[in-house]
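Every chain is named by a letter (A, B and C) in the order it is written, and numbering of its residues begins at 1.
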Amino acid sequence: MAKSRAFDVRRQSGFVFIALSCFVLLYLPIILLVVYSFNAGTSIAVWEGFSWQWYVSAWQNEKVQDATILSLIIATCASLVATTAAVMAALATTRTTKFRGSGLVFAMINQPLMIPEIVTAVALLIFFAMIKVATGYTGLWYLIIAHSAFCIPFAYMPIRARLQGMDLNLEQAAADLYGRPWRVFRRVTLPQLWPGVLAGAMLAFVISLDDVVITEFVKSAGQDTLPTYMLGQLRRVITPEINAISTVLLAISVALVVAFYILSQSKKQ
Amino acid sequence: MIEISGLTKTFGSGDSAFTALKDVNVTIAENEFFTLLGPSGCGKTTLLRSIAGFVDPTSGSLTINGDDILSKAPYDRPVNTVFQNYALFPHLTVAENIGFGLEMQDRPKAEVQSVVKEMLELVQMAPMADRMTSQISGGQQQRVALARALAPKPKVLLLDEPLSALDFKLRKEMQIELKRLQHETGITFVFVTHDQEEALTMSDRIAVMNGGRILQIGGPREIYDHPAERFVADFIGDTNFVSADLKSVEGDAAEVHLPSGQAIEARSVAGGPTSGAVTIAVRPEHATLTAPGALLDGTLKNIVYFGTDTHYHIETEARSTFVIRQQNQPDSAEDHKVGEPVGISFNPGVAQVLRD
Amino acid sequence: MSNETQSPHRRWLLLTPALTILTIAAAGPLLIVLVFSFLTPGDYGGVIWKFSADAWFNVFAERDFFDETVSFSDAHLSIFWRSVRLSLLTTIVAFLVGFPTAYFIATRRENRRNMWMLLIMVPFWTNLLIRTFAVMEIIRNEGVLNSVLIGLGLIDEPIQLLFTDFAVTLGMFYVYLPLMVLPIYASMERMDFSLVEAAYDLYASRWRVLRKVILPIVKPGVVAGSILVFIPSLGAYVTPRVLGGGKNLMMGNLIELQFGQGRNWPLGAALSITLLAVVMVALVFYVRSAGSEETPHG
């Protein structure tokens, strides 16, 4: 009490400054990008007043419309497929003793996180090219399957975490009370797993929506998603229209990720 | 009636194998309050979970009213469990929890409702019916878990240390409550605990377990007064162990010679030794402090006053400690002194010959 | 507690969908890449099904007495070297910034830490291309940075930042920084600060507490973070393409080139396998040093 300043064991000089700079650094480019999406002029460096015009022009751009629809279709399908597969895989691999092949299974599931995207992209290009030649099919399913694959580990993580935190006794109690496996799953397991499933689906959706590299290599002609469309545009003269599209995509991602965080932080009732 | 014979459970295999149950044989009667008592790791929970169906025994048989249940899944067995941590469904209300078993059995809605109502009243939880299970106290959760397990009217109710999470006062209340529920419902209770006092106060019969085996089965008095093995005598209550020489056995009665040379009648144990060096057990309250020249002599080392009784620690001539517990009389003065020579005596029949 | 109701039959049935998808669209095609690396390139992309080790030869070696491919092989090595160099640089800078940041977050009040971590992770989950693009907008010749510097009179004409190694490193640092902060923070949060108190009690200075107590304890997190930044940097494709332009290639761009303009699929396949091998070595190193420490996921 006599001492006005206690010795702070946690202090390290300069760390607070670096940390705060780090946050500024992380957000400054994004904030500028968002700000210039509202620029009235065509420049992305000189501010010429506020305007919605680039949002309007993006909205009216048919290519952007098509790419948006495609992005949403693929992200929806891929996240549904990936989440379903991830729930099943999580049920098989959590709360159980080590089994034969468990190492291999984990390596398989996490493999998209470990292997450079460009390598997978090239591999899929080659593989799907062979199938395209053999079958003549050039539809959307190549992209959906490819997206599902790399979304699986992202969907799997929160579902597995949720399952691991769940009390195994609850399912045993349900079985003890005459619940057959499928009914136990529906009435006890799934209701409690639900926040994890939702979180997993959101992550998968965001990951699919944001993918550039694999989509760029797998897509057939005319199958542009928003990110591949933007990548193509970056080679040309850049107008704030790109900023406007980016801002919308950012908003979707941020909303989903924040929702994901809130969900995964939520305690069991 | 539950008949268990030759039940063995081995976890793992090879060098890491662990035998949790070794050739367990026991018959539990209808309407009985049967307790499995033992320290943690003794196999009592494994035995309980074998009955429930969560552990698949390696060998042996298990029947309920003559039906072999080992081949049945947990949901096909006419038994319900009160789990140690209650395992109440956090996403369901109190009433929904209680009705869960009936719901799974596809009973008509009206029946479910009436049974739930009946159960809520039985455990005095009617006002809490629509609460979530996280919104009620530990003691209330305990009642809900009981009601949930009783609602489907199982043939056997299994209770896995259900009182261990409650505080002392609540535990005492629930002990009486459990006994009442068992009496009212007429269901066979199989109760697992490591608390010897709980076992003694509640049970019709107790099976004391250690190292995967049942060491002794009997009523509370029999287990306490006549422990068959050293482990049982030691685990339940306090005991003095005295080396003695067994001379002869005639039915229940055995003649033993104490180190002092004095002969005394002790109780023999079925399947125990018939002659030679043995250990006998004497409860502290069954012995009295006398003048030297008694059955055993020694030196008074310590006097500990406990309010209701006083403990005398005596070092015997065989250099082991013998404790005598004597009830205190009102306004009596302590007339013994530490260091003085004393004698120990006990009545014929209170000493128990132990199996090895 | 073991779950005895989990039968092997049920388990593999449940794993079937995930494993099937991953085999078709992730692991399986890698084997085809390996096969393709031993084939002969077709004239207009694709392959001719004829064995050839040329692609593998071209990955590393120079063939002095042939035509123009000579300079090409030379380029491979310099691109490999640039990839490794820029990735290492990215990792080091990310550590220098990420460690104090993780420390800062770990020393906040407990109920605030998640919020700070959310601030770190939100950019990570947003589109990588957009974040790269955001960096590009700032460092372009007519971008914000140059405009401000000119406006302040510090420079007369724009500094060429875009399409340089600096731009690529900055971009990779920017997009992968959260991967450094996350595992270091995870280790640090578990750290018992009474150890730090004990060290101060035993006459350690702040710097030595950092060196001798904190760093050794959070080392698994530092290793994890370094690997998590190094691996994607090494295989980066978008960031060097957008910020490096056509000249400052990294391995990812070199691979792409073989499937685009280069029309040499076997070489592209061989380069992919090479990149994969380097990444695997890094991963094995990580698994070894991390030991029982749980893998933090991005």
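Going forward, a residue touches a chain if its C-beta (ideal position, glycine included) is under 8 Å from a C-beta of that chain, and two chains touch if they have at least 3 such contacts.
Remember, predicted model here, so these are calculated numbers, not experimental data.
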| item | value |
| --- | --- |
| Most centrally placed chain - per-chain CA mean versus overall CA mean | A |
| Contact-richer chain pair (by C-beta pairs counted) among A-B and A-C | A-C |
| Length of the line joining the C-alpha centres of chain B and chain C, rounded to whole Å | 61 |
| Where chain A and chain B are represented by their mean Cα positions, the distance between them in whole Å | 55 |
| Euclidean distance of C-alpha centroids - chain A vs chain C, Å | 17 |
| Residues of chain B engaged with two or more neighbouring chains | 54 |
| Two or more partner chains touched - positions in chain A | 175 |
| Shared interface positions of chain C, touching two or more other chains | 2, 5 |
| Of chain A, residues touching chain B in the complex | 167, 169-170, 172-180, 183, 187-188, 191-192, 268-269 |
| Touching residues on chain C, where the partner in the complex is chain A | 1-3, 5-6, 8, 10-19, 21-30, 32-33, 36, 46, 96-98, 100-101, 103-105, 107, 114, 118-123, 125-131, 133-138, 140, 142-144, 147, 174, 177-178, 193, 196-197, 200, 206, 210, 231-232, 234-235, 237-238, 241-242, 251-252, 255-256, 259, 265, 268-269, 272, 275-276, 279, 283, 295, 297-298 |
| Residues of chain B defined as touching chain A within the complex | 52-54, 73-76, 79-81, 83, 85, 87-91, 100-101, 103-105, 132, 134, 148-149, 152 |
| Chain C-facing residues of chain A, complex | 7, 9-16, 18-23, 25-30, 32-33, 36, 43-46, 81-82, 84-86, 88-89, 91-93, 95-97, 99-100, 105, 108-127, 129-130, 145-146, 148-150, 152-153, 156-157, 168, 175, 181, 203, 206, 209-210, 212-213, 217, 227, 230-231, 234, 238, 242-243, 246, 249-250, 253-254, 256-258, 261, 265 |
